[in-house]
């Protein structure tokens, strides 16, 4: 029931959002049409950070409660994290090429995004190579905590590193009020999309576990 | 004798006999420095700029080798279970491993660092001591996080190969801080170096504390 | 005077993912008892012993060793427990003396060469005291393992299939040590595949099947042999 409501909400909001982004929003003075990527890029970035917090939170909760639902949340957050980090980087690159003429630069935010993506990847790889359910949850949980603790250090070290060696900054400048409206709608649309995807992914995770359980039960009775 | 110290002693005696950890770290460290020497023109300016980076690439990868060797020893004959049977807090077992890993890494670095100085035509003066000091801080940070990550990776199907996958992304702050601080020392302009040193120290303190608390979840079934 | 219990397990359960290793084991072992636990592979013998040794955490239930709750005070409990498994947990690059010295430090015992050497005497390893364990045969390994278990003089001794792969000499030594421990009032729990070996010095015998105790009686009770034979027969058909 909940997922149906979310699904419909996503559909409605996204259509509205796309309209706002491509038709309602004014053309940016210097960059032109390409600037509209911004309305996707920023929510992607926020979603990736949200995933990082969720992963950390779920990991801590699992270690305290030992309830597998927290582990499912962590795993789902990890996948969402990788998804949105990649999209954030790709949208950034698509923007940078026409505007700056380069695909990539080691500016603070991009570097942090990339590193975050690597951390999500490591987390998922760790889980993939752990054969037992308990180990997956326990070790995944520990790594989730260690990774979450790492994020502030990453942020600081990369920030300071980039002030030693300044590079062009991808995002800058203010937004006019119409653009803010579009931005807010975009945030809302992507927030609901995130909730919908997370809900669906958790449901799939629950089903996966049930299937595993049944497989096991059937084999045990051979 | 405290259990933590007993663990370090035991590891030192084993290492003196098998000579696996220190020698492989040493060899690997020197080889990495050598490859970088071939990869870049010996006398160019770029060479002196990237020198700190090559040093820490050598240290980072040598550390991974050493951590894997150290853990392999506990997996052999299931010795880790023997440690878990003892009336010792799991966190203390972790601290013991950090202490012995740190010791072996430092021993390897004591040899790799002078070789680095010679390869790059630096001097054995106060600068050298400062670089050594940064190396000690960075190594402690790597030992702190590496000791728990190696225990985690040993549980996976990929075993030791998983360690770099887990460790390299998480130790980026350590590498950046160590390289930047070392560069500052070499260039003579050390304004702002204290931030990097505090970051390294903070990293060690935070990870020693957090790992101490969660280590039991890694080793218990 | 009421008997004190060396080990009390109340409804101990353990699941590994979807696999239920222990489905509720309730067992009380009095001080000085020698319990032989029999069961098929996968019946739960090793899991139960490991939980008693605090190596594995139970999913449900209470376990007390010498009246100490193993969940609440695991370190205190471990002081009273000695555990021997198929793996001997010994460092191959160290010699017997070094191994035992290390473990005695872990248990917070004062360094005592005499104690270690006399222990090596008891297991017949005095002559090999300075050889690295790497060169030892399985029998010698196990003997040193026994020495490691007895090192801190535990009051509860847990042995998981200790006779596996042992030569006649080592079996003899193990039996001697167990007899000495039993007459010193230690509590012993031993698991085995071999009925005769297990029953030799035992005072009590039990069968565990699919995570539950299904039979429990005095070791001298002839019913145990029939029960075990039936258990094996049923298992073969499954």
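Labels A, B and C are assigned to the chains in the order they are written; within every chain, residues are numbered from 1.
Just so we're on the same page, a contact is a pair of C-beta atoms (placed from the backbone, for glycine too) under 8 Å apart; a residue touches a chain by one contact, two chains touch by 3 or more.
These numbers come from a predicted model, not from an experiment.
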Seminar exercise, completed: By Cα centroid distance, the chain farthest from chain B is C
Exercise. Is the number of contacting C-beta pairs greater for A-B or for A-C?
Worked result: A-B
Seminar exercise, completed: By C-alpha centres, the chain nearest the middle of everything shown is B
Exercise. Taking each chain's centre as its mean C-alpha position, how far apart are chain B and chain C in Å?
Worked result: 39
Exercise. Could you state the distance in Å from the CA-based centre of chain A to that of chain B?
Worked result: 31
Problem set entry | Length of the line joining the C-alpha centres of chain A and chain C, rounded to whole Å | 50
Seminar exercise, completed: Touching at least 2 other chains, the residues of chain C are 16
Seminar exercise, completed: Flagged in chain A as touching 2+ other chains are 134
Problem set entry | Residues within chain B bordering two or more other chains | 221
Seminar exercise, completed: Within their complex, chain A touches chain B through residues 63, 115, 118-119, 122, 125-126, 129-131, 134-135, 138-139, 141-143, 145-147, 149-150, 153-154, 156-158, 160-161, 164
For this session: Please name which positions on chain C make contact with chain B in the complex.
Result: 16, 50, 53-57, 75-76, 78-79, 81, 83, 85, 87-94, 98, 102-103, 105-108, 111, 132, 148
For this session: Spell out the part of chain B that touches chain C in their complex, as residue ranges.
Result: 1, 3, 6-7, 9-10, 13-14, 17-18, 73, 76-79, 81-89, 220-221
Seminar exercise, completed: The answer for chain A against chain C in the complex is residues 132-134, 212-213, 216-217, 220
Exercise. What residues on chain C touch chain A, complex-wise?
Worked result: 16-19
